[in-house]
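What follows is a set of structures to go through.
One chain, subunit A, links the two complexes that follow: it is found with subunit B in the first and with subunit C in the second.
And then the complex of A and B:
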């Protein structure tokens, strides 16, 4: 009885404390195993690195909560990045950064229009647009990387505010704003309602198409911000390499963070901690010279474990599986 | 409130381990060389890694290796990680040479020399060790010319499967090939970038070339695995097109043994890795290297010479 009670206690608190606990445990284990891992420099620089995926995951949480997902974000990042970066010489760094965010937002909006107005399933839409955006990036740049020389833009990736790396500050601000929107605004409630039951949401007066379009636009917006940071980090945007595999990294983080692929149920802070977990895990394994193939195995097993844990939790609590 | 508590727990653990980590650390007097590698998936890079590792062992350096897993952003993060570990020198084989600039600057600001082992460079690197790619491309065309004449082939049309633009030094292979082709009176009837740098990409590109130029006499692929894919496409189409590749990996050697590939320009990845560390040794001793390019010779491999080449390669990898 006591064992069952303890299990139920743990299961009931998994959503809130599970991932933070695992992150803390991971940090502790790798810190004991590797002295380079536990240095301030390593921990802080990887926190900064985690922001590249974490910021992009914010929009994806909303998207998956609404019952869809977007697999064009990697290519979207490449296109917006090369277009924005190429404008630095003409309009200056700060304006070019805004253009990058605006272009990525526009890409998200376009995806939303195809899904809502043309009624093309999101998987097909974003699969197709994945090729279109990448191809446009190649065509625009004739397959040549665009280098960023603007000091302001470059300082985004390497600068700090009161000693905290700027990407980390930006990540916290983005998550803060997103949590507020999800929990305290009608839009947040509409996203949950649409993802839980689209027909019921429609019958209750929610403009489902508008919500969906807004969600895809949000995906583009946060991808745009992540692209600005990534471009600053790398000092360049490469039409062929920027964003390669980004959609899978982001979706992994979102699912690991506890957002249900079936929609309706989402966990923004879960995505934040999941980004930290994946980043530090790969960092720790790398510093321990673990073969890179086994690192891929570890990442895959973590994802399966996360989904398995959620199902186990539901079973223990007697909840409907999501 | 619960979420804030979670964040505080994580921060406390982080603070605790960092505090624990800061106690009693003694810096070894042995120099440490950090090596950041594109990927361990390909035999070429496995040989580079072995060269770096053996050189560190022979020269008495501590060796730290991080795999970029083929990702540019991880490559930058790994470089930053090596700087944070205060290594004495860095060797890097970058997946995206154009993206290392800011991270290399950080390393140089921390007084850590950086040597690129193959692929390319950007930013204030001390040196780049790379195969003499232009000459290798020329050697490929010279071999094709000699072979076509020996076979009595009259078509003067050749093709080239080249690499993506950011690999500027590897593109020198194609440039050398094209320059020699024009010098010898050939027409480069098809020049395609292999977007997918794998055997499948080479296969696909070769099919496009054969459709566009039915009387193609020979083709040169700037990367070995793509050349193997192209050779298989030619075999499937049953066409008498000569294929020459570039790298000298086991897959290409097998393709030559199978008779589907005529020749290969062999790089010396083990030597590139080994010499990169020896260059670091010179820099540690005070020699000045700034943005230097150090060419490493390549060799023409044919079915007659592959046994000796393979024996040498295996001896180095088993060392």
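And then the complex of A and C:
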């Protein structure tokens, strides 16, 4: 019995302490293995890189929590990015950045309308939109990258506040706001209710379609912010390359972070630590000169492994998980 | 309305094909020639073959996003193995590799109970990595020119891919509608628990489905690789969208339980007609992507409408 008790104790604390522990372990192992890895510069700059996935994952936590997926976010990022970046010359950097975020938010809203009005599983609807957005990005730019020369936009990725890189500050702010919305506002409760039992939520007077639509809009909003930061790092937006595989990274991070695929149960801080884990893992493997193709294999396996861990946890705690 | 939607499920795709054919006949000078028509059908053969597999998966209530990675892996294996063990053995071996990936998908979905989206999305990434690793990140040129006859040869004036498309249609028709396995697939799609309770081994059914999807991807890849004579580790990105589009446009219900194989075949030909038309007016290749995406959204719109009316009819007590 004591053994079962210990397992239950560990499983119950996995969400809060399991991932930070894994991240610490990973940092320790790679620090011992590789001297460039343990330099402060490398650790800090990868913390900034982690924000690209982490910020995008916030909306997806809400989305998966409400019981749906959005797999169009990579293309959404490319479309909003090329349109926003091409407007720098006309309306200036800051306004163009706002346009980028607004366009991504609009794409998210459009996804929400399709998902709620069609009542087709969201992953299929958003799979279709993935190709529509990507094709529009190609057509708008005739497949040429859009370069960003605006100093303000470029400073987003490289700037810092009190020695902390700006992307990290932005990431912390976004997570703070999201945690507040999830825990302290009626909207957060509605999302949980819709994800746990859609019919019960509807019968108790929640406007399910409105909540779902808001969730998809949120996905777009956070993808927009992540796009602005990514574009600032790269100095350009490429209609074909930008956001390629982004949906996969983000879903991996969200699931590894402990958000249940069955809905109703989200873990924002888990997604944050999972983003750190994935980013440092790729950084470490890269520094150890592991062929970059292995990283596809590693990331894919981490996702299946993450689902496995969540199932194991639920089984030990006696919860239902599908 | 319900009668219309039921008719649409069976014959809707004919309307699309007919409208497309009329448009092309007026808009282009060469459409009404046998060669052109055969070419269009042959071009639709890969989508049709992978579509059969996808139809089976959607009928079972799942689907498979890893098809394009499996195609890439098969293509790479063909290019590596043909010089070593000859063409026939290389085809068999690469198809076995494809089937093995399908089995992994099936095992993870049925035994570990991971949902099909996550499983096949992960498998897509893993297999893409494996294909790139096997090929060393490069395209591999196949020097054996005889291999080309599979994709470009003709028999009695008809391109060989059309025969492959028809033969696999026959096989899948028998599997889906005339075998106990096919009935189990449909039953799993409509009510998995009921099937499990009635003593059918659901896990075996699911593994069988994903093996068959992977096999169809492998076959499509053999045809494509033979046309290009190149083993491509990044073959046909976005092909999964085409496979899903032809399945849904063909009238296979996303709620599972009912597959429409005829519809899939015809929808593949329809998509091929769109490509032909777009090629003629010389637009950029991205418009093909856009058009397939839009056709999928249209098909989903009609499917959504259908589901809604069926629900309303049930609520009113009308028999459907």
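FYI, the second predicted complex is superposed on the first by the 315 of 322 C-alpha atoms of A that agree within 3 Å, B and C clash if a C-alpha of one lies under 4 Å from a C-alpha of the other, contacts with A are read in each partner's own complex, and residues count from 1 in each chain.
Definition applied: contacts are C-beta pairs under 8 Å (C-beta built on N, C-alpha and C of every residue); 3 or more make two chains touch, one makes a residue touch a chain.
A quick note: this is a predicted structure, and the numbers were derived from the prediction, not measured.
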| item | value |
| --- | --- |
| Three-chain arrangement built on subunit A, subunit B and subunit C clash or fit | clash |
| First, second, both or neither for A:28, with subunit B first and subunit C second | first |
| Which superposed partner A:307 touches (first subunit B, second subunit C, both, neither) | second |
| Subunit B versus subunit C as contact partner of A:143, first or second or both or neither | both |
| Partner chain in contact with A:221 - subunit B first, subunit C second, else both or neither | neither |
| Partner chain(s) touched by A:294 [first = subunit B, second = subunit C, both, neither] | second |
| First, second, both or neither for A:175, with subunit B first and subunit C second | neither |
| Touching partner for A:236 - first (subunit B), second (subunit C), both, neither | first |
| Which of subunit B and subunit C A:248 touches, first, second, both or neither | second |
| First, second, both or neither for A:16, with subunit B first and subunit C second | first |
| Common interface residues of subunit A - those touching subunit B in one complex and subunit C in the other | 142-143, 245, 291, 293, 295-296 |
| Footprint of subunit A on subunit C - complex, ascending | 108, 112-115, 117-119, 121-126, 128-130, 132-133, 137, 238, 240-241, 244-245, 248, 254, 284, 286-287, 289-290, 292-294, 296-297, 300-301, 303-304, 307-308 |
| Residues of subunit A that touch subunit B when the two form their complex | 16-17, 20-21, 23-24, 27-28, 31-32, 35-36, 38-43, 45-46, 49, 52, 142-145, 147, 154, 157-158, 230, 233-236, 238, 240-242, 244-245, 269, 273, 276, 282-283, 286-287, 289, 291-293, 295-296 |
| Complex contacts: residues of subunit B adjacent to subunit A | 2-3, 6-7, 9-10, 13-14, 17-18, 20-22, 25, 39-41, 64-67, 69, 71-74, 76-78, 80-81, 83-85, 95-96, 98-102, 106, 122-123, 164-166, 193, 195 |
| Of subunit A, residues touching subunit C in the complex | 69, 71, 114, 117-121, 123-125, 127-132, 134-136, 138-139, 142-143, 245, 248, 251, 255, 261, 291, 293-301, 303-304, 307-308, 311, 322 |
